[in-house]
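One structure below.
Note that the chains take the letters A, B, C, D, E and F in the order they are written out, and that residue 1 is the start of every chain.
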Amino acid sequence: MKQNKDKIVSLGEIMLRLTPPDYTRIEQATSFIANYGGGEANVIVSLSHLGHNCYYITRLPPNQLGDGAIDYLKSHGINTDNIARGSSIMGIYFLESGFGGRPGRVIYNRKHSAFTRITPEEFNLDKIFKDATWFHISGITLALGEKAREMVFACLKYAKKYQVKVSFDFNYRSKLWPIEEAQKIYPLIMPYVNILFASPWDIRTVLKTGKNLTDDDKLMQHAIKKYDLEWIFGKTRKIFSSTENAMTAYVYGPNNLYFSTEEYNFQIFDRIGAGDAFASGVIHGLLTKPKDPKFAAEFGIVNSILKQTIFGDVATFKEEEILEYMSTQGRSEVKR
Amino acid sequence: MKQNKDKIVSLGEIMLRLTPPDYTRIEQATSFIANYGGGEANVIVSLSHLGHNCYYITRLPPNQLGDGAIDYLKSHGINTDNIARGSSIMGIYFLESGFGGRPGRVIYNRKHSAFTRITPEEFNLDKIFKDATWFHISGITLALGEKAREMVFACLKYAKKYQVKVSFDFNYRSKLWPIEEAQKIYPLIMPYVNILFASPWDIRTVLKTGKNLTDDDKLMQHAIKKYDLEWIFGKTRKIFSSTENAMTAYVYGPNNLYFSTEEYNFQIFDRIGAGDAFASGVIHGLLTKPKDPKFAAEFGIVNSILKQTIFGDVATFKEEEILEYMSTQGRSEVKR
Amino acid sequence: MKQNKDKIVSLGEIMLRLTPPDYTRIEQATSFIANYGGGEANVIVSLSHLGHNCYYITRLPPNQLGDGAIDYLKSHGINTDNIARGSSIMGIYFLESGFGGRPGRVIYNRKHSAFTRITPEEFNLDKIFKDATWFHISGITLALGEKAREMVFACLKYAKKYQVKVSFDFNYRSKLWPIEEAQKIYPLIMPYVNILFASPWDIRTVLKTGKNLTDDDKLMQHAIKKYDLEWIFGKTRKIFSSTENAMTAYVYGPNNLYFSTEEYNFQIFDRIGAGDAFASGVIHGLLTKPKDPKFAAEFGIVNSILKQTIFGDVATFKEEEILEYMSTQGRSEVKR
Amino acid sequence: MKQNKDKIVSLGEIMLRLTPPDYTRIEQATSFIANYGGGEANVIVSLSHLGHNCYYITRLPPNQLGDGAIDYLKSHGINTDNIARGSSIMGIYFLESGFGGRPGRVIYNRKHSAFTRITPEEFNLDKIFKDATWFHISGITLALGEKAREMVFACLKYAKKYQVKVSFDFNYRSKLWPIEEAQKIYPLIMPYVNILFASPWDIRTVLKTGKNLTDDDKLMQHAIKKYDLEWIFGKTRKIFSSTENAMTAYVYGPNNLYFSTEEYNFQIFDRIGAGDAFASGVIHGLLTKPKDPKFAAEFGIVNSILKQTIFGDVATFKEEEILEYMSTQGRSEVKR
Amino acid sequence: MKQNKDKIVSLGEIMLRLTPPDYTRIEQATSFIANYGGGEANVIVSLSHLGHNCYYITRLPPNQLGDGAIDYLKSHGINTDNIARGSSIMGIYFLESGFGGRPGRVIYNRKHSAFTRITPEEFNLDKIFKDATWFHISGITLALGEKAREMVFACLKYAKKYQVKVSFDFNYRSKLWPIEEAQKIYPLIMPYVNILFASPWDIRTVLKTGKNLTDDDKLMQHAIKKYDLEWIFGKTRKIFSSTENAMTAYVYGPNNLYFSTEEYNFQIFDRIGAGDAFASGVIHGLLTKPKDPKFAAEFGIVNSILKQTIFGDVATFKEEEILEYMSTQGRSEVKR
Amino acid sequence: MKQNKDKIVSLGEIMLRLTPPDYTRIEQATSFIANYGGGEANVIVSLSHLGHNCYYITRLPPNQLGDGAIDYLKSHGINTDNIARGSSIMGIYFLESGFGGRPGRVIYNRKHSAFTRITPEEFNLDKIFKDATWFHISGITLALGEKAREMVFACLKYAKKYQVKVSFDFNYRSKLWPIEEAQKIYPLIMPYVNILFASPWDIRTVLKTGKNLTDDDKLMQHAIKKYDLEWIFGKTRKIFSSTENAMTAYVYGPNNLYFSTEEYNFQIFDRIGAGDAFASGVIHGLLTKPKDPKFAAEFGIVNSILKQTIFGDVATFKEEEILEYMSTQGRSEVKR
């Protein structure tokens, strides 16, 4: 029953996420809901639900917490043959869900985690990338220390060797590392990237290029040219409250191509993973209709909006659900 | 302390409903909230809370699941003396609650259920209908197979014999049977019906009458006349998201009587049973003020809106709560 | 690490609050979430989170329910050395959360509670008030019977003796006592009050003063003068549904001072304790910037809005959270 | 489908019971499981599950807590036409489940409850007792004050008038009233009693009769004669831990009849209601096999043991389940 | 990181299991815990945790319930490429956990399920069995109707073709089919079987062979010879209560080989799946030490005992945990 | 109402403990119950419930997880003025509860936690110890690295300076540090210790003294003399299963004093913190009856047994509960 599908590879940490139920504040929680998540893991899981053949490279402690993360990936159909085990610390993050005018909050308990000790020697990268179609990474992994960065570059070299398409999500997080350090690393990544997820702010402030281009459109076109990118995708968000937002997606491409979707108003059940769902939606769009970046942007934004209607870090929607939303504008009656 | 009250009878299946908590999707559920429901059961339960003397005719498996359904009906004050027991299958349905732009979903696991084997011989219908005031049925029971339909007609004959008023809720569900089959059965029901719950679409497409009447009002008047109906009630719904809707109720009567309520905007906690609560509200309105179909329509729409603010299939509101909503437009402070 | 802080004292009942989870109606609840609350207790707990040195005077049954209330106060940093124990009845209230057009409901099970037997002899009031800065009470305690009122007046005398500032929240509740009785007691309190929380209705109907002043502003100015008050604070609320409201705060002061905040629209997770959070926010504002009643009103209204985004009776926000909301209008991204 | 069954009537309070889940201590509970219970209510509910036609006389507050208690009784098939409503206080009790060497604990919050204001004038006692077969009461109701006692005697007079058999469960609770007071009331009840549930201690200390009879058997025979009783039933309990006990039932009858069951060892999930389940088992035994007190004692002890394997105050077992336990000694494989 | 492992294949239904939490009875359940299970699925899941390469053949409805079952199998590392989808009914079973003297109960809601429509044409059986090491089936699948039986025999033919070892667990369930029918089918299976899980009762009553052999040992030896079996494994169980049992495993082999383990006393958290865990433990034992049936019997009984200490249908223990139990007799301190 | 009480000080980490509910295994948990615990924190919390004036010195991250730990300590009446804040990592441990023959498991996620960065400079140790009566520490803190050890010795010097009694619980944990390292540190602690909690194995293997004394009694006497100890307390444990154990306490003192309690059999709800509850029970016993080490040993063992009947790390029993258990041997009826 299985067909030939694209082999998509990603690399990154996967953490245990602990969320107090029912909008309880963290310091008053008497229990936590447990699931697993992490930027790149979220992207790959959504792509698996969209029908692709997905592989995740990571490193986890050799205990039951690590086992749990692997079982989680497996349950979503991810190939877990390339997961190293070692060190004692599981990356954990705590999420306090926002409500109304009260913002959500994330507390990281991930420093010194097993992933930060990852090395290329633990993996058969040649075998992993040989028959791959796509490789996705994000700026979060770059922030996780020297070893994590070495691993990223090792993978990128194999991706290049086998002409695997590379997508990179900027995801600069000031809580994880100072901008000065990021400014040194991000430019080194760019030569490997085909598809970029970034905002004008990212280009201007982190890549520090085109600084004199005050017009965003020109800046993005400049980046396309300078780094020989296929497309840059991004989205803007308006916040009315923790539970009501609006989003718009855009895409830039060579020859001044530019497209932006309409502005979508939507309700939020769980904010986390919205950007990752956007990335996986876009990647799926590009794999399905490679010549139609508009479709990819629309598909990405809807995958992201739907993600925010369910609990947890990941979008688990099938293609047909996303297409239906696109045709009904999310105004469907109960299906019965 | 008990007064003389109207005896209202209904017939239909009652299913176990299983809902994943906290907007979880069905395939990821690790638990389900259990309650019981079914179109006609929901109507009769609400009528019991509105103070009537209610009887439910059904058939359930002779096991603890059947016992649970009976205890549930009893707890709402329903007379359960006329419940046959037999066959091994409990009708079950799964409900995934929608959120924002994600629609709700129902999965039926009810084929071959105990109810589908119901026969008139299992009941003393003469005794049931002899002193009854009202009999309510819906199109869902018609869809549950040959035996269910035979049972409906057996009851209708007794209702006619004892001049019991009959209300019928169209409730055509394409998931349960093809329209071609329905088109044969629905017209046979109409001669027995006094109060109809239906939309112009129902009249035009299922009853296949007045097809050349493009004006809805004329179509409804045509149906009133053709089937000698007292009233036709209905409601229209606008969907902004799974959690925000607007509804308007209307009523048609002989001599071109027509009334429609204002449009109510409201928030949804649980969408299921809205139509059933509308029917029970209308029936209560008509029993209370038989000459005032406007009141019935208003009472019905508010019972329906309030239903959607609580979990489960049924409206459990008392008359005073509905009247209060009608006077405050649902803008009350906390009662303390 | 502890600094010198204001010592704030309050007196009142603290009850066990029982709330059915997930918007369930009380009569159908199979479980209740337990927390503790009561008007004055809520005020003092919020003030403790805002950094003050807080003392609560109350009376509780000498059993595990009383112990639980004390542990609760302790966990919020309240000094519990002045809690008498006696009588067998714990004050309890049940809260049914409203949703959409369905209002919330409170059922009191508090008559004859341990608190209603409180006497000044059980406490060393001289020691309590000697070094206090502020004393807060509310009209709820006045409604709890003869002994409760005697206790209030005993405390007020000590407050006067030691020049402790007194704030009084009107909180007239018709469910607890008839207005005729209240009209006799409230005026006796006024000579002790410095800061009043009240509406024009309160002044006009409960204090029965300035009855011929139809203009609210003039009425409030009249009350300021008559009772030699520093300020009167209040707020108005518009109800769109049980989950969406708007509020505006106002303050009146001598010499025709008047200020009102903008109107804030907000979403409600738990309505209870909104007025108490307003009071504690205002008190904190006045303690921080004694000359700036505008700041106090703004701080109070935001503390109140934030309160309504969390479960339970009390606002547990730190000053920085409230200030952030004031600067972002409650439109913050998730903090990560 | 309904057959002619014995009409059994009982009178007593029904309280809301609140139990912290998972063996949590009361003062640390963040939630409580809610069910309803009370000595006589427990007896009548079990008798309903054993197939009898059951009526409960009580008084409840006219609010949702009272409604909940009534829905609970209805769900167990109890006739609730004879329930007066009035006063604001719902009787509540808190149960902390014992574990191992830690004993369970009950905290009553029931003083001044609606039931304590009950009066015969609120009921049509003649109608209730006219066609009744059995009336069951217990010493708990006697402890609830003057009005409760008056109500008991009013009922007993009607029971006598219509030759309704009367069973009385001693249930003396020192926490509810002093023994001196009980010693005055209990003897007044005895002339009405046919079946007594009591221990030698009860006879000797509360009834204060046969004090010089040091032999228990002779004491019980003395009581049988003195009060012209049909039978006295009782049970003894050995406590190994909160979760492991042993029980033995005995019965005394005229002409030196004496029988005791074997000693049953059993595990306890919920200790509460064990005595009530014993009483209902015995009553059912006597109604089924009036000449076989041994069967009644066995049936009662097994109903009591099974009760202690389920949560809540009441035994909901059917006759066949009890008979099966009696034949297998509670050593059955999973039924599949 | 993956090594060459045995490929084990199994065939059977997988059902949604619904269990009321906290020992609640089914008819009173307000929620159910959801997991998935089924005799053969349980065996294959445990074997996956013991390190084998596991494939499951089944048929599920093409809806979210079917998806959930597949995700469940995936999360345990099972290959799910051979799962047909069709028909609307998900097999469901309800489990009421026993406690003390109250037995557990199973209610099946599985008739007409998607699995009962399975056909060999839906699968590429040649590919499945070509490189397989072991095939496990049980008598439950034989009971699920004509099509299920055809599927079993189709698989057995491929197993024979490719010399795949076949184990068969008797599992005769009288609730699913009459013994007369079973007696016709079971003998047809035997020629394909290498390893049998059966009791003397099974041999004598279902296979109806060796009926004149009253000695169990001789009967088992007779079966070994008649059907040319490698081994027959089985276990006996003593029931002290629903939560305390004892078990002993035995094995019979050619040349009068016989071995039985010591009797293990143990506590039960969840009884279901004990037999399946025994089978998977034995299979793992035989795959690990093919010449040591004693080891297999010990390993199987301990896997079964450990299964009964966790919730759900399946043993998820690793080899090291089972070996540790074998060396400590299950008397280990907390591991920290 | 507060009396003069002993001031007891302790130092150590306090961690967030996460336990899957209902005996779920860690890798399959979908939620965790949250509480706080740590060896010394557990001791001090129990002492607070036994009526003492308790202070805890620790270091926590300056985020909501740290706040939660402090609120927890406050709710148990612990003075939290001496808690430093810094570093980002909260010590966390996961507990899998054992059942029957399946042992419990602890996974530490505590390396690099905020506590491991503690320094004496962050505290006013002089003020803390000046008026203290007792100081309790344990070997766990010694295992947490160089800085933790420096902090221990800094405290011990102040304890010596102000003649504060010092108790030390050996608690050697091989998972936290190698024995070779421990063997260097433990002897350095001994000169400061008055009351020791240790086993003969601890003395022989960790302190490496009296190695040629094969008789345990002589070894303990040797240690008493060598280190000039007041008493050595300890307990032995027999494990029948994860839920049934037996324990015996012993005490050694100067002049060959030796006492051991009877062996207590008991049931376990939560094994963690048993040793800490023993220590706090002994300390309370010694503070209450300084000349009666037998009483202290009995009191300690019962506090430990009762601890194991409740969830969480800490014993929250009052003196009267422990005394009652001592007099009834834990065989009390439900208290009502």
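Just so we're on the same page, a contact is a pair of C-beta atoms (placed from the backbone, for glycine too) under 8 Å apart; a residue touches a chain by one contact, two chains touch by 3 or more.
Nothing here was measured: the structure is a model prediction, and the numbers come from that model.
Q: Shared touching chains for chain C and chain E?
A: Where chain C and chain E share a partner, that partner set is A, B, D, F.
Q: Provide the labels of all chains in contact with chain C and in contact with chain D.
A: Common contact partners of chain C and chain D, which must touch each of the two, are B, F.
Q: Over half shared or under half: which fits the residue numbers at the contact of copies chain D and chain F, same or different?
A: Since fewer than half of the residue numbers are used by both chains, the interface counts as different.
Q: Centre to centre, using CA atoms, which chain is the farthest one from chain E?
A: Most remote chain from chain E, centroid-wise, comes out as C.
Q: Can you compute the centre-to-centre distance for chain B and chain E, using the mean CA position of each chain? Integer Å is fine.
A: Distance between chain centres: 45 Å.
Q: With centres defined as the mean C-alpha position, give me the chain A-chain E separation in Å.
A: 41
Q: Hunt down the residues of chain C that sit against at least two other chains at once, touch-wise.
A: Residues 21, 25, 27-28, 30, 71, 105, 108 of chain C each touch two or more of the other chains.
Q: Line, ring, star, complete or other: which one describes how these chains touch?
A: Shape = other; not a path, cycle, star or full graph.
Q: Touching pairs of chains, all of them, please.
A: A-B, A-C, A-E, A-F, B-C, B-D, B-E, C-D, C-F, D-E, D-F, E-F
Q: Would you tell me which residues of chain D are touching chain B in their complex?
A: The touching residues are 1-2, 71-72, 74-77, 81-83.
Q: In their shared complex, at which residues does chain F touch chain D?
A: Residue positions touching the partner: 21, 266-269, 305-306, 308-311, 316, 325, 329-336.
Q: For a test of understanding, state which residues of chain A touch chain F in their complex under the given definition.
A: 18, 21, 25-35, 63-65, 67-68, 71, 88-90, 92, 94, 96, 105, 107-109, 111-112
Q: Could you list, by residue number, the parts of chain C that touch chain B in their complex?
A: These residues of chain C touch chain B: 22-25, 27-28, 98-106, 108, 173, 175, 237, 239-243, 271-272.
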